[in-house]
Amino acid sequence: MADVSIICGSASDAAIADKAKKILDEHKITWDYQVISAHRDPDKLDAYIKNCPSGIYIAIAGLSAALPGVIASKTDKPVIGVPVSGTLNGLDALLSIVQMPKGVPVACVGVDNGDNAAHLAIRILKLAKN
Amino acid sequence: MADVSIICGSASDAAIADKAKKILDEHKITWDYQVISAHRDPDKLDAYIKNCPSGIYIAIAGLSAALPGVIASKTDKPVIGVPVSGTLNGLDALLSIVQMPKGVPVACVGVDNGDNAAHLAIRILKLAKN
Amino acid sequence: MADVSIICGSASDAAIADKAKKILDEHKITWDYQVISAHRDPDKLDAYIKNCPSGIYIAIAGLSAALPGVIASKTDKPVIGVPVSGTLNGLDALLSIVQMPKGVPVACVGVDNGDNAAHLAIRILKLAKN
Amino acid sequence: MADVSIICGSASDAAIADKAKKILDEHKITWDYQVISAHRDPDKLDAYIKNCPSGIYIAIAGLSAALPGVIASKTDKPVIGVPVSGTLNGLDALLSIVQMPKGVPVACVGVDNGDNAAHLAIRILKLAKN
Amino acid sequence: MADVSIICGSASDAAIADKAKKILDEHKITWDYQVISAHRDPDKLDAYIKNCPSGIYIAIAGLSAALPGVIASKTDKPVIGVPVSGTLNGLDALLSIVQMPKGVPVACVGVDNGDNAAHLAIRILKLAKN
Amino acid sequence: MADVSIICGSASDAAIADKAKKILDEHKITWDYQVISAHRDPDKLDAYIKNCPSGIYIAIAGLSAALPGVIASKTDKPVIGVPVSGTLNGLDALLSIVQMPKGVPVACVGVDNGDNAAHLAIRILKLAKN
Amino acid sequence: MADVSIICGSASDAAIADKAKKILDEHKITWDYQVISAHRDPDKLDAYIKNCPSGIYIAIAGLSAALPGVIASKTDKPVIGVPVSGTLNGLDALLSIVQMPKGVPVACVGVDNGDNAAHLAIRILKLAKN
Amino acid sequence: MADVSIICGSASDAAIADKAKKILDEHKITWDYQVISAHRDPDKLDAYIKNCPSGIYIAIAGLSAALPGVIASKTDKPVIGVPVSGTLNGLDALLSIVQMPKGVPVACVGVDNGDNAAHLAIRILKLAKN
């Protein structure tokens, strides 16, 4: 049972996830790490979300980064999205993550900024503990 | 039983869908029209896809336009995506639709170009009939 | 004593704030509303933050939208940023809000999307109540 | 007689074509490969299109990527366009390929995403075989 | 027999062509005006180019503006391209026109700037007359 | 007591500051150099500004570059901002620095252009000496 | 003999100049107003600069906004540039004004932000008076 | 006495000029090569233009690329502009060159595309010789 679920859309995003893990470890926040593509493993993602005990998601994805939004559509827990840079410098992932329709919010942080995803999760958890 | 399924992510995209319907009607292609948000109605979307007899999808969405990609992840039929313009001129929806990860293709047409979604569907159906 | 502090950088952003207030009201979340420019009223902003009992901030700003980041630098509570569109379609405010340096996170939502700022705040507060 | 015609606008796009060939080979789809510039070899392109037995085109081009659109204007078969990245990160080719006028559709996939061009062709051919 | 051929890709570009005609008239330069889509009327365009007595082309087009490039690929006369603005503010047409491959040059002027297309044609014709 | 205060938002911006120092040295303009993050050290920044004897600030920052604007909001001396490039090529820092609200001006120079920040400071100081 | 010279590149930029004049008037700063295009009236611009008694220039221009840079290349006084929005939302003018080569600095303010040009001029003049 | 004047705004643009020289040499077109900054050497540029016997200019520049426009404002010969890429991928130079005001045309070619500048000059000279 972890405080935070970190999910990457692709194994190639692991370096961004590592930044988040390091910050969470320093603050003694536990995490569970998964690589699940919203587009290629939708059933696995559904199953994970249904049984997930964590209070917060950090979803890391590049390109057409649907992962954070799909998670947000299937849970009412806070979802933090991290856009990953690529050929278009991460602008594609940034817009895909931040421009969510009304009612399905994602908390977007900066391009490749796994650190701030963790820092934001820590602020949210701290509020919950007070 | 329709040839083409037209799905809008929001009722506000109806004008773009109308362009596609008109072209399909002119070519005597039958269609089924739905408004289902990938983000707000994921279960309804899943159910529709499982029972959908159409051979092709036209998915129309703005903002973080996950609809075409989510459909493409749950069917192996061709999916045509139409980005809808908004505050960012449709650049957000265009990048969200076209920049799909490997293995989950979406056939993206131009911003607000419901006509070409229909014309592309017609070309695909014509190939199937030959 | 309110659950959420909504701060606009300019009185002209009030329409975006109204969207957030409406959603919060529907969920019986209390809010305090302020118009304080990070650039023009830095001392007033400091004073407000020091005495603010709310658990979460929603900061709404256009142009070089420093407001969410400045608040995040002076509190360890979660800060949600809403970019407001203008001549550059909100791309300036979006990048100003989301591209924060490591250690000072802001949870950015979509351009002009006051609704999702409220929905995100509700998810965070719900986590805190569990 | 091949199932798919793969045409590059320049020999320098061969690496993107290779990605498509590999996927098609894995699915036992036959292909014919050509390097024909729409701008430098218009007559050769015309001649190829007139005699082409393939059911689908994959057209790969960078810069002002007219190739997919020119092919689509001379055939009524489905044309899949792949934008190739360069100094402007492929944004030029992406917009050139996707923003086609009404009546001349191109199915655009992601920047440098030769894989998805093949996957889309496979979906279209599968529909044709059912 | 006209000095300059003005070709629009769509009848909706006529207002931009009118700006060019007015400047040419003021300088007593004769012009021939056509509306021919590179994508929808490729054969008509070919026939026109083969018999065109004008020394210079002004090609006006929006979206994926292939017209100037296609003309430049079929003549060795100077071709001036004018990008026309639309949903993406003309950025699509601008990049489509200016980013031509080596060996097929187009002289691009500003977005919607039919005036400067005429002024540029006048400079070129003046050089020819000296 | 220096003529110009050079402040970097991060130690990683030092190379841009070095360009400015070199030009100022060549013109025998004295400078004081500090690394103070507007987001991470707001109190240190406040204290520095209150006691700063320099007539001009050069503020160098990347990402969501709030530093120049925050300084401009706490002094009525001229503030020159230098955007630093990163994953988004400096477009984020450029828009964050230049799009200031009315009444809080920042003099923005080009991306990574520490030289011109110094040259601009020299012009301003020369005016003051006349 | 005015404190500040305000020069517009086109009469159509007058509304932006009016914002600057109003602020300068409120601060009892005198100004001289001219409409001189860097591209269409280069000799008039040269003559004006040679005889200009003002200490600071405010140069306002849209499109390929060469005016501020050309002035900066012919004087060693501070030049403030104001980009004016148009079809491309002012991004063209912003980049033209801010991205100056080393040694020829322009102090760029925000798009259409005539107010901040005046406020910046006031800060510079105040420094000169101390 | 050369057919074409090639002017670079900076010695660092020489590689782009070399591409143009090579093409011109192959077509036995003579050229004169200069490095003159519009911003740093305005008087040298003026003097060169006044005495220039060439019929066409090729002006190569990066950043805020005023060079082609300034030349076009001081001659009525055709001026071809080549944007040079840098931190912003050449988008700054492209917009600075192509978005000229009415009456002062520049013939813009693609980013870093010295080849096409030469090819365009050859087309213009060929017209002049017929």
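Chains: A, B, C, D, E, F, G and H, in written order; residue numbering restarts at 1 for each.
Everything that follows uses one rule, which is that a residue touches a chain if its C-beta (ideal position, glycine included) is under 8 Å from a C-beta of that chain, and two chains touch if they have at least 3 such contacts.
For reference, the UniProt names are A, B, C, D, E, F, G, H = N5-carboxyaminoimidazole ribonucleotide mutase.
Values in this document were obtained by computation on a predicted structure and should not be read as measured data.
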item: Chain E against chain B, contact positions shared by both copies (same if over half, else different); value: different
item: Where chain C and chain G are represented by their mean Cα positions, the distance between them in whole Å; value: 35
item: Centre-to-centre distance between chain C and chain A (centres being mean Cα positions), rounded to whole Å; value: 21
item: Per-residue multi-chain contacts in chain C, two or more chains; value: 63-64, 88-89, 91, 98-100, 103-104, 110-111
item: Full enumeration of touching chain pairs; value: A-B, A-C, A-D, A-F, B-C, B-D, B-E, C-F, C-G, D-E, D-H, E-G, E-H, F-G, F-H, G-H
item: List of chain F residues in touch with chain G within their complex; value: 55-56, 76-78, 80, 94, 98-100, 102-111, 113, 115-117, 119-120, 123-124, 126-128, 130
item: Chain H-touching residues of chain G, taken from the complex the two chains share; value: 9-10, 37-40, 42, 63-64, 66, 69-70, 72-74, 88, 91-93, 95-101, 103-104
item: Residues of chain B defined as touching chain C within the complex; value: 63-64, 87-89
item: Contacting residues of chain D [partner chain A, same complex]; value: 85, 89-91, 110-112
